[in-house]
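Order of writing sets the labels: A, B, C and D. Residues in every chain begin at 1.
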Amino acid sequence: MVDLSIEIAGMELKNPVMVASGTFGYGREYAEFFDLSRLGAVMVKGVSSEPWTGNPVPRIVETPSGMLNAIGLQNPGVDYFLEVDLPWLRGFDTRIIVNIIGRSVEEYADVAARLSAAGGIDALEINISCPNIKEGGIQFGSDPRAAARVVEAVKRATHLPVIPKLSPNVTDIAQMARAVEDAGADAISLVNTFLGMAIDIRRRKPVLANVFGGLSGPAIRPLAVRMVWQVYEAVRVPLIGMGGIMDGADAAEFVLAGARAVAVGTANFIRPTAALDVLAGLERYVEETGLSYAELIGAAHPRRTARQEPTRPEANQ
Amino acid sequence: MVDLSIEIAGMELKNPVMVASGTFGYGREYAEFFDLSRLGAVMVKGVSSEPWTGNPVPRIVETPSGMLNAIGLQNPGVDYFLEVDLPWLRGFDTRIIVNIIGRSVEEYADVAARLSAAGGIDALEINISCPNIKEGGIQFGSDPRAAARVVEAVKRATHLPVIPKLSPNVTDIAQMARAVEDAGADAISLVNTFLGMAIDIRRRKPVLANVFGGLSGPAIRPLAVRMVWQVYEAVRVPLIGMGGIMDGADAAEFVLAGARAVAVGTANFIRPTAALDVLAGLERYVEETGLSYAELIGAAHPRRTARQEPTRPEANQ
Amino acid sequence: MAETFVTAVVAQRPVAAGHYELIAAHHPALDAVQPGQFINVRVARPGSWDPLLRRPFSLYRRFANGDWSIVYRVVGRGTEALARLRPGDDIDVLGPLGRGFVKVPEARRLLLVGGGVGVPPLLFLAQTWQGQAEMKALLGFAEAGLAFGWTEFAALGIEAEVATDDGSLGHRGFVTDLLENQLNRNEWDGLYACGPRPMLEAVARIACRAGVPCQLAFEEAMGCGVGACLSCVLPVRTEGGVQYQRVCREGPVFWAEEVYGHG
Amino acid sequence: MAETFVTAVVAQRPVAAGHYELIAAHHPALDAVQPGQFINVRVARPGSWDPLLRRPFSLYRRFANGDWSIVYRVVGRGTEALARLRPGDDIDVLGPLGRGFVKVPEARRLLLVGGGVGVPPLLFLAQTWQGQAEMKALLGFAEAGLAFGWTEFAALGIEAEVATDDGSLGHRGFVTDLLENQLNRNEWDGLYACGPRPMLEAVARIACRAGVPCQLAFEEAMGCGVGACLSCVLPVRTEGGVQYQRVCREGPVFWAEEVYGHG
């Protein structure tokens, strides 16, 4: 069997296939379907200082080859996570990446500090798609300076690798990536969901109670691959690619675009063992190429030196 | 039969269903399938001062519920259009909206002036998703000031209604919309395609010769509806909504989000009579609501006064 | 334990206007399914990601050879796709999921109240608990053309009273009218219901007033069906106050008071 | 004139490893289809937008009752979906599209050169022009297991020579070897070919050297299939210099010199 083990942000992963935050809970549900130790890493659902209630229902709606969600970051808070879920998760031989959320820079730093103190966590992923209540609800994720401030604060609060997760709802994803890299990011996750909405034409109202939701699933894959490609040309830190990965071939697209690891999100809902299927497919693909996994990372780029002549972003229809 | 006639930017349309630029050529091909006089308007393929060759093949690739195109704005130039296609198109009783492209502000103004002088055209749609060669290839469509400059220049060059078409690849679509409205736009088209890419994992190269392409089709519908919704809350000019409209129900979503008219794009490729099917479905829908078409425009918004308390753009998963 | 499996469609038959019973071949994964539990069915063909999500359905009945069925109403793209399946086609199923109805051991006489496509889990309950309690079914539909299931109850030896909104079959009015009638008699010591939300709320109110223990099966838009995505939540009264619980995991069956309180 | 229509699948049969002939019921839209023209087939089920685009296929043959067929090789999601169709299923077709092969009136002896899934339009040509000219077919495949069509040519009374890359059937080597043999004899006054791009280029070179008029049918990734989207262009030598032409509209058939020049 081909070796897909890889190092990312100082973590040794047995394989580069993770499950994406918010699509895998804290692992319990899918542990009924397979052994979590087979995953490269589990990225747990976003955790905040205090419990968050989340949004009213409907929280999801299906769209063509995709789905919108507006869960509202419901979570039981960091204390509950540390007491109940983390000890259980540690029973598996996999990396545990905790996704953290906050409504102010201080909240992010606070969660980071409390998680780091606990031990048993391998890295922190920062979800910067939260509204910044101190600055009028604009998302941290759409302002490079705000994103950088969060990353810097979290870096100061933890010794763990810090992995900001970029929102795709920006004009210039490379600029966001450079901002968080300069702020000390050890790796970058991309992408989070695309802001969308659906309207119930019978009720003549938005379907989601929250009006807007985040689009995920196969529909967004070409957009996510493009962003990984652009960010790969803009930064040196390793990338974790995600967005519509359903099988090994999809994962290979992300790797060739420049992702060092990949995460499986919405696909878990369709097949509880989707992440294992992605892993098996990726292994088969790597084997067929005759190359090593490391050689395939970014291999679709004409030249692979970072920060040189990025491909010009025009659709040009 | 319910009356869907509507006025937009000073044009009386027999119905609000148009066909989107670049998906309908200059009308000849689909005229073999139905009478173009049944359409509210035809938005013709982008026209430039001189002929453009377009990109090498492959120019398209299918993605889940969508397609990427990188045609490269191939077109025979404004003179050919005026001589060959326009006279033919005028034979139909429909509005003719000419989509214009340029690589500099001057080129846009030049095409606009030449088209306006010719007569027989009802409005100009400005495709601002072109690379601005004078400013390093950054798209006009991603910089509010550059977009405004194009709109102002075109307004000065023509007496026709001017309809900028927004690129969705921006952080803040409402800001772009306000910029072009302030620059004198008579209506706004949205959205153009989303920048994406696909990788051929066998060849380990981008599928498209141009690397990047624009994503269209049902996959983008929830993103496009969201943008129409946001822009409706930000400006007063009428909106032409498009992005993945496949049937009357999809069109109704755009209308309820705030579009005064809609355009059918990729769907034409799947069913040459798609625009007529959309029209029939929309008529049926309007009839079922018992309301007038005008009453349905923006009807899904909680409050409909423009520029007041826009809905907060957060996915909030 | 839930699993994903593929089995064969054995037959489809119309049971009411726009309603079909889909019979599928035995699969051991469903041998221990409890009434009120559900399955999540993939409706797109292999290789297609549209429609993307699975669709939840309750089991309707089990046949002697282990085959099982669902009854679905065609309401959208997913159920239209199901209606196109033919005998021999594969069907991709995830299940059994959720927590089903609880049989209160001392309960001897059970009332089953079903509305529309809420009827299936009650037939499955009747079939599963047959002989363990005396049961009576009250079934509500909009009109005669949409009614189904009463002959299946009858075949189990369970009386089924039907109400239709327009009186085209059985009682004219709501199934809750039938329920009030029954509960006035004070003969019932357990109530199990599934149907549209307003019906469930009315049933809860009536049951509470009558002091009869009552379990309700809920529906909510679902992403994963297994408890991972937090799409399908319902505010439920717990010791720690009102909390969102997952219809797919803690539910779909809840006690009436958990959801609607006392009265 | 092209139109969109739905007709029934009559039968599917394997014709080679991973290749199927799909026979569909007569529809008047295809009565006047010319060899080399193609149809654009929707592969997603109604109500599904994935896979989104139609797939282009050449006609393979027409039956006495008007039924017609295509032969396709399963290479991806679209052709996998086709392979799942069963007799009685609907198939949604747009066609006939493009410009087919031109029969040069004075040409009496025609050579047909097909490679792999390029064979179908040549069989359709042979069937359509049967009796109007003497024809011989040269068919190339990677290996015996992938070969099809030669018995159908034989049934039309047309001799078909086969080449396989590995020699497992017929000549060991390329179909262009067979072509060089034939053209050395100077007996042919028209050449029609369809197959992979390198084969077409080789055929063009050989034909040019031999001075035989040669038409080639091309493939290119397509959006609309009707000429509206400009996806499918091919650089073609015209009076105004090299220009992009549309494979779906000006093509799929072009004269060899138009595409490859002279030599």
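Everything below uses one rule, namely that a residue touches a chain if its C-beta (ideal position, glycine included) is under 8 Å from a C-beta of that chain, and two chains touch if they have at least 3 such contacts.
Just so we're clear, the structure is a prediction, and the values are computed from it rather than from any experiment.
Participant: Can you tell me the least number of steps between chain A and chain B, where a step is a move to a chain it touches?
Facilitator: When the steps are counted carefully, the minimum from chain A to chain B is 1.
Participant: By mean C-alpha coordinates, which chain is most distant from chain A?
Facilitator: Centre of mass proxy via C-alpha means gives D as farthest from chain A.
Participant: Using mean CA coordinates as chain centres, what's the chain A-chain C distance in Å?
Facilitator: 36
Participant: Provide the C-alpha centroid distance between chain A and chain D, rounded to the nearest whole angstrom.
Facilitator: Averaging C-alpha atoms per chain gives centres 46 Å apart.
Participant: Provide the list of chain B residues touching at least two other chains, using ranges where the numbers run on.
Facilitator: Chain B, residues with two or more chain partners: 22, 64-66, 69, 71, 217-219.
Participant: Going by the contact rule already set, what residues in chain C reach two or more other chains?
Facilitator: 49-51
Participant: Assign the assembly's chain-to-chain touch graph to one of these shapes: line, ring, star, complete, other.
Facilitator: If you draw each chain as a dot and join those that touch, every dot ends up joined to every other.
Participant: Can you list the chain B residues touching chain C in their complex?
Facilitator: Residues in contact with chain C: 64-65, 218.
Participant: Can you tell me which positions in chain C touch chain B when the two form their complex?
Facilitator: Per the touch definition, chain C meets chain B at residues 49-50.
Participant: Touching residues of chain C toward chain A in the complex: what are they?
Facilitator: That would be residues 1-4, 42, 49-54, 94, 220-234, 244, 249 of chain C.
Participant: Would you mind writing out the residues of chain D in touch with chain C in their complex?
Facilitator: Interface residues on the chain D side: 44-51, 77, 80-81, 84, 86.
Participant: Where on chain B is chain A touching in the complex?
Facilitator: 22, 55, 63-66, 68-73, 129-131, 137, 139, 142, 169-172, 192-199, 201, 204-206, 210-215, 217-223, 225-226, 229, 244, 249, 252-253, 256-257, 285, 289, 296, 299-300, 311-317
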